[in-house]
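See the structures that follow.
Each of the next two complexes has chain A plus one other chain: chain B in the first, chain C in the second.
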Partner chain A sequence: MADERKRFYKGSGIAKHREWRGLKDTFYDYLQWVVNLGILAQFAAKSPVRIVKGLFEYRWFGGYIGALHMTDKCTAGLRGPALRTAHIQMHAIMKGTTGMLADSMIGDRRFGDTDAADKFVMLEQTMCPEIVAGFPNLKALPLEVLQGLLGTYMDQNLAPFYMDIMENVGLPADSCRLSANAAGVAINDDYPEVGACLITNNMPCDSSTMNSQLIERRIKIPTTVAGIPMRWEDESTDRYALAQMKEVIKFIEDTTGEKFDEKAFFKVMKQHNKEVRNEFEVWEYAKTPYTAFGNVISPLFHAFYFTFSGGSMPYIDKAAKKALKVAEKAYKNKTVSFDKARHRMITWGGPGCYFVDFNTWAYNCWGVLVPAQMDMFSGNVIISEDDLDDALLGIAHNYERGVMRRHLTGGYQHLLEVWDEAEKFNCDMVLVYDDITCKGAMGLAGVVNDQAKDKNKHLVWVQNDMFDHRTISRNEMRRQFSEYMTAVMQEEPLDESLVDFDDYEGW
Partner chain B sequence: MKKKLLIGALSVVPLSMLIYWFNLDNKLLYYGVRPILNKVYNSYQRNVSL
Partner chain C sequence: MKDLKHLIYFEDLLQEANNELVKQAAADGKKALGYTCYFVPEVLLNLGGCFSVRLRAPGTSNTDIGTYYMTNKTCPFTRSILERSMEGGYNFLSAMFSSETCQMMHRAHEYFDIMGLVKEQNPDFFLSMMDVPFVTTKAAYEHYENQLRKHILEPLEKVYGVDISDKAIRAAIGEHNEICDIISELGELRKLPNPPITSYEFHVLQLVSECCPQYLIKDKLLETLKEVRKRKVDPKPNYRARIVVTGSEVDDPAFTKLLEDCGVYVVADRYCYGSLPGREQIEIREGESALTAVARHYLSTSECPRFMNKEKQVQRRSYLKQLVNDYDADGVLYLQMKFCEYWSYERVMGVHDMNEVEGIPCIGVEKEYTMASAGQLRTRFQAFVESIEIKKLQGGKM
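And then the complex of A and B:
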C-alpha cells in the first residue's frame, strides 16, 4: 500500500521532495515548474519596485508565495494527459492572476500618483468583467477576490487575520466568511488604492451587503451598485436587467471620460463565446471514462475565466484549445488518465476554499474522481455578437447564472440541479458541502437528504467554514468524508497514510 | 570566457532540477520568507475603527 504522506513534513505539509510520477511525467512536471517560474519572473519584471512594496505593504499579498505549492497540491497523483491538461490550464490561471496582481500594484496610488490608476474599473466580488468590454482603453480589475478567495487557495492563513479584525470591531461573527474577509480587509485599509471607479453589486446575503457598505466608506473613488435581478427566470425582469447594464456603462463613461466602443465590445463578446463553447466541449470528455479533465484544476479554470476574463484574456481560449487537443487524443486512444478511480462524484455547494485540493485528495486517498463540480455550471451563456441590447441582456443573464447567484441564492430549484448534473456526468456519488455560514443554501439540507433517499443516491455532506480553517480544519473535512467512505461505501483507502494527517500549520 | 559561460549555462539545468526535486523553492518560501513577511506585517499599526 502506498505511503504518500511520508513525503511531507508534519504540520507544515511541505514536501520533502517532489512527487515521482515515472521518468516521463516527472520530467514533464519539472518543465512545467520551469514555465511557472518564467510566469513569476515576468510578473516581477512588470514593475519590480511597486510589486516588492506591495508585498511588504499588504498581508494578503504574502499568501501568494504559496502559488507553486498550490500547483503541486492540485496536480498530486496526476499522470499522462490529465497532468498535461491540468498544467496547461494552470499556466493560464497563473498568468491571469499575476497580471491582475501586477496591475493592482502598478495602479496603486499608495506608492505614488500615477496615470495608470485611472485605467482600471474596479469590480466588487463577482461583478462581471464583460461590462467593461466596450472600453478598449480600460481594464476590469477585481476587488475582494484577489484579497480573499484566490489568496485563500494558496494560503489558508490569509483570511483569518482579516476575519478577526472584522469581528473585533463588533460585527457579527456568523457572517459568511467571504464577506467577513472582505469587510476585514476594508477595515484594515488593505485594499490597493487603484481604479477610476468601482462597481459593486447586489448579492442578497446579509453580510455581503454589509461589506459593500464598508468598502464604500473606505474606498476613495466613485462607486455605483449594479442591481441585477435575482429571480432571473422571470422574463419580466429582463427589462430591468438591461436598464441596469446601460446605467453601469453610463457610469463608466461619466467617471472615466471614455466612450463606449461597439466594435471593441463585440470583439470581446466573440471571445467570451469561444470560452463558453470550449467549456461545453470539456464537459463532453468529462462525462466519459477517458476524460483528461478531472479533480480540481478544470473547474478552477472555469471559475477563473468566468470571474475575470469574460473574453478579455486571449490566452484563456488558447489554453483551453490546447488542453482540448490533449483530451481529444486521450479519448481517441481510449487512455484512462484517472486509473485509480473507483467512483465518480459530483461536488455541490460552497467548498472550503482553504482545502482547494479536496478533490485531488479524494482521488488519491479513496479513488473517487470528481469530473464535475458546481462552479462549472456558472455563466455559460452564449451572448449575441451583433445586437447591442441582446448582448447586454446576455451579459446580465451570464452574470445572473453566476455560481452564488444561480445555485446558492437564486431559488431552490437551482441548488437541486445537482441530481440532473450527477446523471449527465455519470456520477454514482454526490457530495454537498455544508458551508456553515452560507445560510441561503443550507435551508434546503432536509430536501436534499429526502431527494437522495428517493433517488437512491449516495449522498455525503462535508462541513466547512469557507475561509476559516480554524473552525473546521482540512483534517476534519477529511475525517467526515473518510467516515462515509468506510461506513456507507464500505471501501478501504487506496493509501492509508492519506486518511488522517496533520497539515494544520501549512499554507 | 566562452567556456565559462557555457559551463555556467549548462549547470543551470542540473541545479534547477535539484531545486525542483528537493522542493527547495517551497522550503525557502515557507521556512525562510514567510516568517520574515509575517514579522513585517505584525509590526504595522493600523487604524481599524469603523
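And then the complex of A and C:
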C-alpha cells in the first residue's frame, strides 16, 4: 500500500522531495515545473519594481507565493496523458494569472501616476471580459477574483484576514465567504488603484449584489451596474438583458473616450466560440474510461478561461487544442490514464476553495475519479459572430449562465441537473458540497436528498466554508468523505496514509 | 388611552393566514392570490374577482420540515412559509405570485411547484415567478412592466378569466388608494409628540390591510380611523424614545410590542410588510397606462437593498434621514432577518452611515422570525433607549 504522506513534513503541505512517477513521467513533470518557473520569471520581469512594491503593499499578494505548490498538489498522482493535459492547461492558467497580476501592478496608481492605469476596464466578481472586446485599446481586469478565489486556491490563509475585517464591522459570519472576503479587501483598501472605470454586477447571488455596493463605495473610479436578469430561461428577459449590455458599452465609451469597434469585437467573439467548442470536446473525452481529463485542473481551466479570457487570450485556444491532441491520442490507444479509479463521481455545489485539490485527494486516497464538476457547465454560450444585437445578447446569456449563477438562479431545475450530468459522465457517485453559507443551494438540500433516494444514487454531502478553513478544515472535509466511503461504499482506502493527516498549517 | 373598538377583532384576523375574512371572500367566489414580496404589486392581485393575501406564518413553533428541505442555514422566515405551505396552511390559495428577488424567498416559493402544493385542493392553482431589475433605468422600468404583464396579468386572465384591461386596473388602483389613504392618515398621526395611536396598534392595522381581503376590511379600518381621530390621548406619552425601524421582513406585531415594552415608540415602519413604502397613493400620470403607473410606482418607491445603482443607494439613506426628520425620531433601528444577505450588508453600511455620517443614533440587530430570542433583543433595545436618553441628557453628545 502506498504511503504518500511520508513525502511531506508533518502538519504542512510541504513536500520533502518531488513525487516519483516513474522515470518518464517524473522527468516530464520536472520539465514542466521548470516551465512554470520560467512563467514566474517572465512575470517578475514585466515590472520588477512595481511587482515587489505590490508584494509589500497588498497582503493578498503574498498568497501567490504558493503558486508552484498549488500546481504540485493538483497534479499529485497523475500519470501519462492525464499529467500532460494537466500541465498544458495549468501553464495557460499561470500565464494568464501572472499576466493579470502584472497588469494590476503596472497600472496601479498607488505606485505612481501612469497612463497604463487608464487602459483597463475593471470587472467585478466573475464577470467575464467579452463586453470589453469591442475596445481593442482597452483590457479587462478582474476585481475580487485575484484577491480572493485564485489566491485562496494557493493559500488557505489568504482570506480569513479579510473575512475577519467584515465580521469586525458587523457582517454575520454566515454571510457568503467569497463576498465577505471581497468586501473585506475593499474595507482594508487592498484593491490596486487601477482602471479607467469599474463595472459592478449582480453575479452570482444576493451577497454579491450587496458586496458590490460596498466595494463601489471604496473604489475611486467611475462605476456602473450591469444588472443581469435572474430568470434567464424566460425569453421575456432578453430585451432588458440586451439593453443592459448596451448601457455598459456606452458607459465604457463615455468614461474612456474609446469607441466601440465592431470588427475587433467579432474577432474576439470568434475566439470565444473556439474556447467553448474546445470545452465541448473535452467533455466527450471525459465521459469515457480513456479520458485524459479529470480531477481538478480541467474544471479549473474552464473556470479560468470563462472568467478571464472570453476569447481575449489567444494562448487559451492553443493550450486547449494541445491538450485535446494528447487526449485524442490516449483515447485512440485506449490508454487508461486514471488507472486507480474505482468510482466515477460528479461534484456539485460550491467547493471549499481552500481545498482546491480535493478531487486529486479523492482519487489518490480512494480511487474516486472526478470527470466533471458543476463549474464546467457554466458559460459555454456560443455567441453570434456577425450580428451585433445577437452577439450582445449572447454575452448577456453567458453572464446569466456564469459560474455559480448557471445552477443557482433561474429556477430550481438548474441545480437539479446534477443527475442528468452524472448520467452523461457515467458517474456512479454524486458529491454535493454543502457550502454552509450558500443559501441558494442550501434551499434545495431536501429535494436533492429526496431525489437521490428516488433515483437510488450514491450521494455524499461534504460540508465546507468556502474560503474559511478554520470553520471546516481540509481534514474535516476528508473525514466526511472517508466516512462515506467506508460506511456506505464499503471501500478500503488505496493509501491509508492519506485518510487522516494534519495539514492545517499548510498553504 | 382607551382600547380601540376593533383591536381584538383585528388581532384575531392575524392569528392565521386563512382567517375569517379570507374564508368569507373565498365563499363569495373570489380568488385568493398569495404573495410575500413588495415587488409583486398588491394592487394587481386585487383586480375584479380576486383578492390579495400577503402570506405570513403566525404561530410558528418549529420548522422541522422547512429545515429538512432548506437546512438550518437559510432565512427562518422563508422556512416558516415553507413549513406552513407543506402543512397545508395556504391551501386556500388560487395562485401564488413570486419574484426571483431574494434567493431564499424564491426557493421557498418554488416548493409550491416542486411538491405540487395546493394542486390537490385546487387543480387550477399555479405559481408564477417573475424577474425584477436591479436598477432603475428606463429599460428597467419597461422590463418590470413587461414582467408584470406576462407573469401576473396574463396568467390571471388565462386561468381565471380575470379582466386585466386598463379600466379594470384603474378601478383596482382606485380601491387600493382608498386603503392607502386610511393607513397613511393613521401613520401620519405617529408624527405627533403624543400620538393617538400606539405603534403596536398601527402595526396590527397595517398587517390586517395586507393580509385580509381589502373590500371586507375597509369599513372597519375606516371606522377605526374615525375612532382614532377622536381618541383622547393620555396626558403624557409613555415612550422614552422615538425610533424609525428599517430592515427585512417583520410581520409579527409582538415584535413592535416588545419594542414598546422597552420604551420605544416606532414612529416609522420602513421594513418589508411595513407601510413605508407600501401605502403611498398610486398616481396615474396624464397619458400613462394604468399598468405603467403601477410599474413606475412599485419600482420607484421600493427601498429594497437589492437595488444596486448609486442613485437608489443614496436614496435609501436619504429616505431614512427624511423619515427621522419628518417623524421627529431619536434614532434608527436596522433589523436583519437572520441569514438575510441583503440586509446583512445593508445593516453594516446603514448603521455606519447613520452613526458616523449623519450623526443619528443607530443600532443594527439580527433577529429570528419567531420571538424566540426576545430576551436578548430586549436587552439590546433597552440599552439603545438608555443611550439615547443619556445623549439627550448630555445635550446631544454620546
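Quick note on the criterion: the second predicted complex is superposed on the first by the 502 of 507 C-alpha atoms of A that agree within 3 Å, B and C clash if a C-alpha of one lies under 4 Å from a C-alpha of the other, contacts with A are read in each partner's own complex, and residues count from 1 in each chain.
Assume contacts are C-beta pairs under 8 Å (C-beta built on N, C-alpha and C of every residue); 3 or more make two chains touch, one makes a residue touch a chain.
It should be emphasised that the depicted structure is a prediction, and the values quoted were computed from it without experimental measurement.
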Partner touching more residues of chain A, chain B vs chain C, is chain C
Who does A:T209 touch here: chain B (first), chain C (second), both, or neither? second
In the overlaid three-chain picture, which partner chain does A:A44 touch, first (chain B) or second (chain C), both, or neither? neither
Between chain B (first) and chain C (second), which does A:Y412 come into contact with in this model arrangement: first, second, both, or neither? second
Looking at A:V169 after the superposition, I want to know if it touches chain B, chain C, both of them or none. Which is it: first, second, both, neither? both
Could you list which residues of chain A make contact with chain B in one structure and with chain C in the other? 169, 214
Chain B residues touching chain A - in the complex, by the definition given at the top: 16-17, 20-23, 25-27, 29-31, 33-34, 37-38, 40-41, 46-50
The answer for chain C against chain A in the complex is residues 68-71, 73-75, 78, 100, 102-104, 107-108, 110, 113-114, 129-135, 137, 139-140, 142-143, 146-147, 150, 305-306, 308-310, 313, 336, 338-339, 341-342, 344-349, 351-352, 364, 366
Give the list of chain A residues in touch with chain C in this complex. 166, 169-172, 174-176, 179, 183, 200, 202, 205-207, 209-214, 216-217, 223, 225, 227, 229-231, 234, 236-237, 239-240, 243-244, 247, 408-412, 434, 436-437, 439-440, 442-447
Touching residues of chain A toward chain B in the complex: what are they? 12, 14-18, 30, 33-34, 37, 55-56, 59, 62, 65-66, 68-69, 72, 165, 168-169, 187-190, 214, 506-507
